[in-house]
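Have a look at these structures, which come just after this line.
Okay, so chain A shows up in both of these, paired with chain B first and chain C after.
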Partner chain A sequence: MTRPRTDLLLELADDELILGWRDSEWTGIAPFLEEDVAFSSIAQNEIGHARALYELAARDLGTDADVLAFDRRPEEYCCAPLVQAGLVGDWAGTIARHFLYEAADAVRIEALKASPDAELAGIAAKIDREETYHRLHAEMWELRLRDEPRFRAAFEVRWPLALGVLAPDLRPRLAERVGREEVEPVERSTPGTEFEALWNEMTMVRRSAPTGAQW
Partner chain B sequence: MIYEVFRQERKGQPFVHGGSFHAPDQAFADAYAREFYARRQESVALWVVPREQIVEIDEFPDEFDLKYRRVDGYSIKARLAIARERAGSATSPGTDGG
Partner chain C sequence: MSDARTAEFLEFVQAGGQVETDDWLPEEYRKRLIKFIEMHGNSELMGVLPERDWILRAPTLQRKLALTAKIQDEVGHCQLIYRVVEDLGKPRAQCLDDLISGKSKFHNVFHYPTRSWGDVGVIAWLVDAAAIISQKALLKCSYAPYARVMKKVCWEESFHILHGRDTVLAMVTGTPEQFELVQEAVTRWWEPLMHFHGTPIPADEDPMLHWRIKSQGNEEARQQFLDGYVPQILELGLELPDPNLRKNEGGLWEYTEPDWEKLTAVVTGHGPASQERLAFRRLSRADVDWVSRVMLPEAA
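Up next is the complex of A and B:
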């Protein structure tokens, strides 16, 4: 691995934070109560993973997790386009994204678990133990919705975005995992206006207090 | 479909009814049970059972007042008081716990 590990950690952490944030927008309005609780809980887990990853990156960078999560400018975030879109009201799209993200994340975590960097491998193994249940949740929903035209369409739209979550060398593994041909991926890039709106809301309270405020 | 969940707090302890919820099938029920009853490590094992699979028996006729069969037995408090009176005990029997 030639890139500094903080780059990798921040990509991962930003993906988990933003997906957790987007999924948490369903709290209170999911299709039924049981799913509301379960999906909110998964969203919270993702944010927990983000915290662990930010903490590791923060140690390398001599800062803290909150600064990385909330004090960067919107253009400094490096989350994949897949996780950025607001999908409230679009359950088919949300589940298609959830399923594809969990599949991509499984490939990424599997690779990280084999990393020669013991800390990376350790955190990946820890995250994987929770992600196993996220995958089960995503897979049971996919099984239920796979014949729904709305779900099929939502899946098609997100397939190139899902490939963009992974480094190029891992993409064939994702294609194999979900039984699809690789297509032109949507790569990570500077986040757009939709992300900026999310960032505004996400950092609103933090920005309302002086820098370095103790909460 | 309604599922009932029984949870075990520690290995070796009996499973105790935890609650119930709606789920479309067993896979969903398993996932929800995990989120609702074990997420905070409050259970070491769960039984997730479709309510319709549970046989409930709730009629136990006792037409002949065979309450001597009950495990709690007779209340002897009143009889004891009478017996003490007959025996000429002047002091109050106090609480005897029945």
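Up next is the complex of A and C:
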């Protein structure tokens, strides 16, 4: 039995949304003004991708993108553990996550572009055009930080989480791409307390008015 | 000799002439430029902090994208403006050091806390409206590189005003609680907004006007702000907390004299959020200090 398309769309959209939300936390406080601007652009792109994916899912589910992004209960989100952690102040962790997520996402998008579902393939091609620049940015940073012990440590911690972003059949491609052996992945599961804290914050304004209020 | 040269320079800029980085600049002019432009850059950077708390709380995807982009613009302005300062002889790292040590200043409105989503709309609409009035007047600045940067800044700020107004409109036409969020924010921000353009110092006593760094007096800017925005605020059914605010027969706005001592206290680091903001910036800089050492070893 194949999974419904909306499951896949929500998984992708939740990853992009929450990573975008986390990246946007660097706005105003990145190590360089140039990085501030860069990370903010990346965050906006990821959230833009999430919106496009939610819109497609919303059409199938008879709802709208904002409802899917904000009005589900925390336990209904299906984002990968890799994107959930708050890493403000931890640039090594942020770059390790950025590099690994972009690598995993590249594998995932490549597979989606070949999907027999024309809408999915189309949206993947569109997303890929922007992700190309994210990858260049991430790879530039990885190259500069790869000999830093704190970066290597941050990378090690996140490698099993990065594998968990992908479906099992795509994991060998990620391992090959980053030149690592596969390890036991950290699978998607009900989001934990750190995600719940983020959810509380990201929905607090919206929840302060009755459902359906315009903002 | 140097006096005659200065007099000639002064005559040139007072007649509306603009100078470039490579031109000869009187030392006093250069110092005033650096101080003024640096404070502008500092303000763009510190202005990020009151709003960034709400990046995580934006209530729709569209608002999230708009607010993130708006704040990103402010960082971009800081980057451009610090480059102008750098060309005048003060490096960016030194500007940042002086900012976080409290040696240099930033604009009064960024010394205040934000309390609700109403603040997000009111800051983008009214604080940015007040700012664009000052910035438009800088398009005629005697220092041409700064004037050129202001073109991009003004263009982007005009989008911020639209984003702010749209955010406010959604709330004032929403539930009574949403309306109240805006009303409470407008009431709270009114004093800082009245302080924004500074004391009504006479034009002939303002050294910034003397050197044509600015081309508009403080009171003239405030009048322009009141004229443009008070009618819009009232039209939305909002109230302003000044019973003496009215336009007189001569077409000038009258208002209760703001507490100018309070303004001085605020911009010298005694505002309600001044120290907290500076501490936050020091802390966030300390967290990522190692990155500069790795990326720019020659600067360490």
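Rule of thumb we're sticking to: the second predicted complex is superposed on the first by the 214 of 215 C-alpha atoms of A that agree within 3 Å, B and C clash if a C-alpha of one lies under 4 Å from a C-alpha of the other, contacts with A are read in each partner's own complex, and residues count from 1 in each chain.
As a working rule, a contact is a pair of C-beta atoms (placed from the backbone, for glycine too) under 8 Å apart; a residue touches a chain by one contact, two chains touch by 3 or more.
Please read all numbers here as calculations on a predicted model, not as lab measurements.
K.L.:
Does the chain A-based superposition show chain B and chain C clashing or fitting?
P.N.:
When both complexes are placed onto chain A, chain B and chain C end up side by side without any clash.
K.L.:
Which partner does A:Arg144 reach: the first (chain B), the second (chain C), both, or neither?
P.N.:
both
K.L.:
Check the residue A:Pro31 against both partner chains and state whether it touches chain B (first), chain C (second), both, or neither.
P.N.:
Only chain C is touched by A:Pro31; chain B is not.
K.L.:
Touch test for A:Thr193: chain B only (first), chain C only (second), both, or neither?
P.N.:
In the superposed model, A:Thr193 contacts neither chain B nor chain C.
K.L.:
Per the contact definition in the header, classify A:Ser41: touching chain B only (first), chain C only (second), both, or neither.
P.N.:
Once the two structures are laid over each other on A, A:Ser41 reaches both partners.
K.L.:
Given the touch rule stated above, what does A:Tyr133 touch, chain B (first), chain C (second), both, or neither?
P.N.:
After superposing on A, A:Tyr133 lies in contact with chain B but is clear of chain C.
K.L.:
Have a look and say if chain B or chain C is in touch with more residues of chain A.
P.N.:
Partner touching more chain A residues in the overlay: C.
K.L.:
If you stack the two complexes on chain A, which partner ends up touching A:Thr211: first (chain B), second (chain C), both, or neither?
P.N.:
neither
K.L.:
With the two structures laid over each other on chain A, which partner does A:Met202 touch: chain B (first), chain C (second), both, or neither?
P.N.:
second
K.L.:
What angle, rounded to a multiple of 10°, is defined by the Cα centres of chain B, chain A and chain C, with the middle one as vertex?
P.N.:
So the angle at the centre of chain A is 40 degrees.
K.L.:
After the two structures are laid over each other on chain A, how near do the C-alpha atoms of chain B and chain C get, in Å?
P.N.:
It comes out at 6 Å between the closest C-alpha atoms.
K.L.:
Considering each complex separately, which residues of chain A are in contact with chain B in the first and with chain C in the second?
P.N.:
Correct list for chain A: 32-34, 37, 41, 144.
K.L.:
Enumerate the contact residues on chain A facing chain C in the complex.
P.N.:
Contacts found on chain A: 21, 24-25, 27-34, 36-37, 40-41, 43-44, 47-48, 50-51, 54, 65-66, 69-70, 88-91, 144-145, 148, 150, 198, 201-206, 208-210, 213-215.
K.L.:
Any idea which chain B residues touch chain A in the complex?
P.N.:
Interface residues on the chain B side: 21-24, 27-28, 30-32, 34-36, 39.
K.L.:
What does chain C use to touch chain A in their complex?
P.N.:
45, 48-49, 52, 54-61, 63-65, 68-69, 71-72, 75-76, 78-79, 82, 92, 117, 167, 170-171, 173-175, 177-178, 281, 284-285, 287-292, 294-295
K.L.:
Going by the contact rule set out above, which residues of chain A touch chain B in the complex?
P.N.:
Touching chain B: residues 32-35, 37-38, 41-42, 133, 136-137, 140, 143-144 of chain A.
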